[in-house]
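In the two complexes below, chain A is the common chain; its partner is chain B in one and chain C in the other.
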Partner chain A sequence: MAEPVLEVHDLHVTFTTEHGLVPAVDGIDFAVAPGQTLAIVGESGSGKSVSSTAVMGILPSNADVSGEVLLDGRQLVGLPADELRKIRGNDIAMVFQDALSALNPYYTVGWQVAEAYRLHHDVSKKAAFRRAAEMLDRVGIPDAARRANSYPHEFSGGMRQRVVIAMALVNDPRVLIADEPTTALDVTVQAQIMRLLADVQEEFGTALVLISHDLGVVAEVADDILVMYAGRAAERGSVRDLFFRAAHPYSLGLLGAMPRVDVPPKPRLTTIPGSPPSPGSITTGCPFQPRCAYTHLVGERCITERPELTPRPGEGNHEAACHLGRRPEVIL
Partner chain B sequence: MTAQPVNEELLRLKDVKKYFGLRGVPWRKAQAVRAVDGVNFVVRKGETVGLVGESGSGKSTLARLATRLLDPTQGRVEIGGRDVTKIHGRRLRPIRRKIQMVFQDPQASLNPRQSVGTILSTPFLAQGVRPTRAQLVELLEQVGLAEQHLERYPHEFSGGQRQRIGIARALSVKPDLLVCDEPVSALDVSVQAQVLNLLADLRDELGLSYVLVAHDLAVVRQVASRLAVMYLGTIVEEGPADQVYSAPAHPYTKALLSAVPVPEPGVKRERVVLTGDVPTPIDPPSGCPFRTRCYKAQDVCATERPVLEPVAGNTQHRAACYFPEPPTP
Partner chain C sequence: MPDLVWFVMRRLFAAVLVMLALSLAVYLIFYAIPADPAHLACGKPCTPDRLEQARHFMQLDQSTLQQYVNFLKGVFVGRTFGDGTAAVHCNAPCFGYSFPLARPVTTLIMDRLPITASIALGAAILWLLLGVSLGVIAALNRGRILDRLSVGFALIGVSTPSFLLGLLAILVFGFWLNMVPVNGYVPLTESPVDWAWHLITPWIVLAVLQAAAYIRLTRSQMLEELNLDYITTARAKGAGEARVVLTHGLRGVLVPIITLFGLDLGALLGGAIITEKVFSMQGLGDLLISAVGQLDVAVVVGVTLFSAFLIILANLFVDIVHGVLDPRVSHG
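Let's look at the complex of A and B:
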């Protein structure tokens, strides 16, 4: 496999709030190589979005970030703001869930995409606008040269998401972080956007970090998967490791809880009892332990000792953080 | 899934239309959003009818028409065989006992200043009954909560638990039919499965029927016995769920189903990718509403709107298309 373009080591993000310190991300590692897709999967409060915003360096001031974020080996954590601005939007770009709030309603979409280009390139406004129109055409906006003069409200949800993707790609970033890019979209439009991202990735060799809760989307596009739970990595590995050899009870639970559209339904979905914990509420042992159906097979250790990622059989870097140490059998 | 449909009709919508007026501005004349544009819809006892479609298809509006939360612009609403289109206010209350609604956002549909006990008592009081504590506890237990939760307030619960409270409230008047508008779309995957299983259990225990409005076709497949697919305010296909899912007849249904990603790597599905977006319901296309995005569209599609017709002679399974897909190979 190619050298990773983005590497994250032992990333911690702690928020200082009225209610004390909240460890939203509690030591995670991941890496993604050019042309590859890493999916970060998790439920609300798992820290998946916080880790990606930490990589971008756009967390609010009450967040304390430590660890390493290496872009081509260069540490981004602790970089001065003006240095970071040169990288952000240029080498690493981000696509958010809600395209409407990512766009400024007062400016034409062409102007906004051109602005993103001019921030990193010393070109005339005219040339930047031409580049913007090209980019809008590239992401599949029909009649792009003319539509570049339209305002965000004149576009549908799917078209707005295309504009945001054009804006993110206008500087040929090496890494694209997409945080639930299709969650707000209808399924037919989702299919269009996911195909667009795959095409772009193939053409430009962009490394993609896809944050998602939708295992269907993930199964289709990801090369590697990181499953997060309560700010920590529960399991990671190749897409086939996760779907065919899931080693963490939580991953297994998520897979069983997903209804499928392509096969007749199971009589019952498997469920995980309870709901995801709020960050920082579980301080000792395994954060998944209160909801886990396998604790009785291990015993005390689950409550007292935090499980670390340990290797599991698979295609390479398959690891899970579970004391059980073997593949759990499905319990219904 | 096992409950046998009996022929008793719980709900019938007859040629209902709902137009929302857009106020005219001086330079533009008043227009109407055709949210529901001529729909016939029947729910019989024991059925779980999935109502699916993309945003703007009119599925939520249809749910609100069915529960008489909205007045139809045209057409008839029958609940339990009785025409209730013209009934309003207080006189609706006894009718509402038969059909109840569960809303999408449990956060927004529960009053934050009322305890769970008060929330659950309200429907009883509206029916002129004072509930006993035992009745309220029974309701909570039906949805997997317990007596200790009666005195708590909505903010003390997780999203999944709040949705259970919303379901308990709907069950309080012992309805025959529950209309659930996106009951699980605000929930995490692991919690969503709990609520779907709960809905199935309640159906088996209480003999409930459901209308399940959802955009997530996989969720609907898990529980629905019959499926109705909406596009731009009309039903374009309906039939037994297993038939529609395994052999969709309408090109839109086919495209919609093929666009749903499957959580299994390496499964290659034939995908019909639609171009463009759903047209505006202010000025829907002439003829078939789907023809502007359809891969099979021909001249005839622009002339007259196709009506629901049996697919290959099967009167249970109907599609509104001039060129339906052939039944399963």
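Let's look at the complex of A and C:
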């Protein structure tokens, strides 16, 4: 693997709330190289979005971030606000889930894309607007030069997401973080947007961090996968490791809940019983233990001892945080 | 743009209808008062003959409906009371004639309007600036000392009667500190400096009282606005905090602020009765109060209609500005 452009080591994010300290992200590591795609998957509340916003440095003021976020080896955590501002939107850009609310309704899309460019380039408004129109054209907005003067509400959902992507890519960032970029879209449009992301990634050599709970999308575009559960890494590895050699019962649960056409159809999709724990509510043992179907194979350890990531057979960096040493048989 | 022209035309037509209904209502109310304006004109002692003469001259001997029709006619072609050498002319647009003041109502209003407008416009600009900036400061420092101070200031502002604050200001700044003139008005055309100097105290008094609503509205709108996704987008683009708040945040806050501002200004232009009284300024409010005291129905009807017209105009202005400020309204 090439040198990673973005490395995250032992990232912790803790929110100070009325109910005390809430650890939303409790020590995760990941890395992504130019042109590569890392998918972070997990249920709502698993900390996947918080990790990405922590990398961007745009968490609210009640969040405490510690650990290492390295961009080309340069530590971003603790960097002065002014320095971080120069990196945001320039070296690391973000695509949001809901393009309608992510775009400012009071300004034209061309203005908004041009603003992203002008924030990092000393150019005239006119030149920036021309650049914005080019970018809108690049992401497949028909008649882009004219449509740049339209407002967000005058676009369809898919076109709006293209605008958001144009805004993120206008500065040719090294890392693109896409937080559920297709969740709010129709299935056919989802495919178009994912293809667009793959195209521009190839063209610009961007490292992509894709946050998703849609394993179907992930299987298609990701190189590596990080499965998060309750603010921690449950399992990580290459896309083949996760799909063919999943070692964590939670990963198996996610796979079982996904409809597939490549294996003989099951009578019905499986579900993971229960719901994810609220952050910080499980302090000892394995956070997945209350919902796990395999605890009887391990016993007491699941309740008393927190499992750490340990190497598993696979393509190299396959690791899982489970006391069950061998690959669990699928229980249906 | 033709859409806008149509819109304004429709609204102006509706405004005329509203004014017609209003003028009729005001006429009927004042003619239901069991007091005879002719009595005042007749003087003391008043013989029945002279009373009858006065009534005839003032056209009060005609039916109420006929008087109303005369009034409407006067607006377009003017009116003449009496005949021969004693005749009194009131040129179109004639909104009635004040016999106690021996002037057409239109002239009276136009004479007084500059004073009221000077007070209202100056105060409005001050309270808009004061209210919005304190509101933004409060929102950005939510829960901290600056927030408490702004909200406390707003609370004092809404709960203080204008005559109290006005009299206190005159006492402290006019008499004790001898910094500003205690009353009087100098036309702008005569001396802009003296004009402003005589108006500064009423401006500040009105601004302090009115700013309260703006502080609270700006604060709550801004807090809501800052939680929106597109604010996060602006941060993710690398916009500095000032740009995030002023360019992206304030834009959405402006719509409700301008709405309130238009209506407040419209109401105030119709006469700041108490403020004018306290500062001895002969504006529209003063004209109205004197007219009520003297049963000068023509002036009361005229000033009331003028105020109503201003309110309608303010509403129209607000709707147009709303369309300009929010592309979702105009580019539906």
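Definition applied: the second predicted complex is superposed on the first by the 326 of 332 C-alpha atoms of A that agree within 3 Å, B and C clash if a C-alpha of one lies under 4 Å from a C-alpha of the other, contacts with A are read in each partner's own complex, and residues count from 1 in each chain.
Methods note: contacts are C-beta pairs under 8 Å (C-beta built on N, C-alpha and C of every residue); 3 or more make two chains touch, one makes a residue touch a chain.
Quick caveat: nothing in here was measured; it's all calculated off a predicted structure.
*Asks:* So in the superposed three-chain picture, is A:L269 touching just chain B, just chain C, both, or none of them (first/second/both/neither)?
*Replies:* Once the two structures are laid over each other on A, A:L269 reaches chain B alone.
*Asks:* Counting only touches as set out at the top, which of chain B and chain C does A:E115 meet: first, second, both, neither?
*Replies:* Once the two structures are laid over each other on A, A:E115 reaches chain C alone.
*Asks:* Looking at A:D186 after the superposition, I want to know if it touches chain B, chain C, both of them or none. Which is it: first, second, both, neither?
*Replies:* In the superposed model, A:D186 contacts chain B only, not chain C.
*Asks:* Return the chain, chain B or chain C, that is in touch with more residues of chain A.
*Replies:* In the superposed model, B touches more residues of chain A.
*Asks:* Residues of chain A that sit at the chain B interface in one complex and at the chain C interface in the other, please.
*Replies:* Of chain A, no residue contacts chain B in one complex and chain C in the other.
*Asks:* Where on chain A is chain B touching in the complex?
*Replies:* It comes out as residues 43-44, 156-159, 186-192, 194-195, 213-220, 239-240, 243-244, 253-262, 264-273, 275-276.
*Asks:* Applying the document's contact rule, which stretches of chain B touch chain A when the two form their complex?
*Replies:* 1, 54-55, 158-161, 188-194, 196-197, 200, 215-219, 221-223, 242, 245-246, 255-257, 259-267, 269, 271, 273-275, 277-278
*Asks:* In the complex, go through chain C and note every residue touching chain A.
*Replies:* Touch list, chain C to chain A: 228-230, 232-241, 243, 248, 251-252, 325-328, 331.
*Asks:* Write out the stretch or stretches of chain A touching chain C in their complex.
*Replies:* Against chain C, chain A makes touches at 56, 58, 81-82, 85-90, 93-94, 96, 98, 101-108, 115-116, 119-120, 150-151, 153-154, 164, 167.
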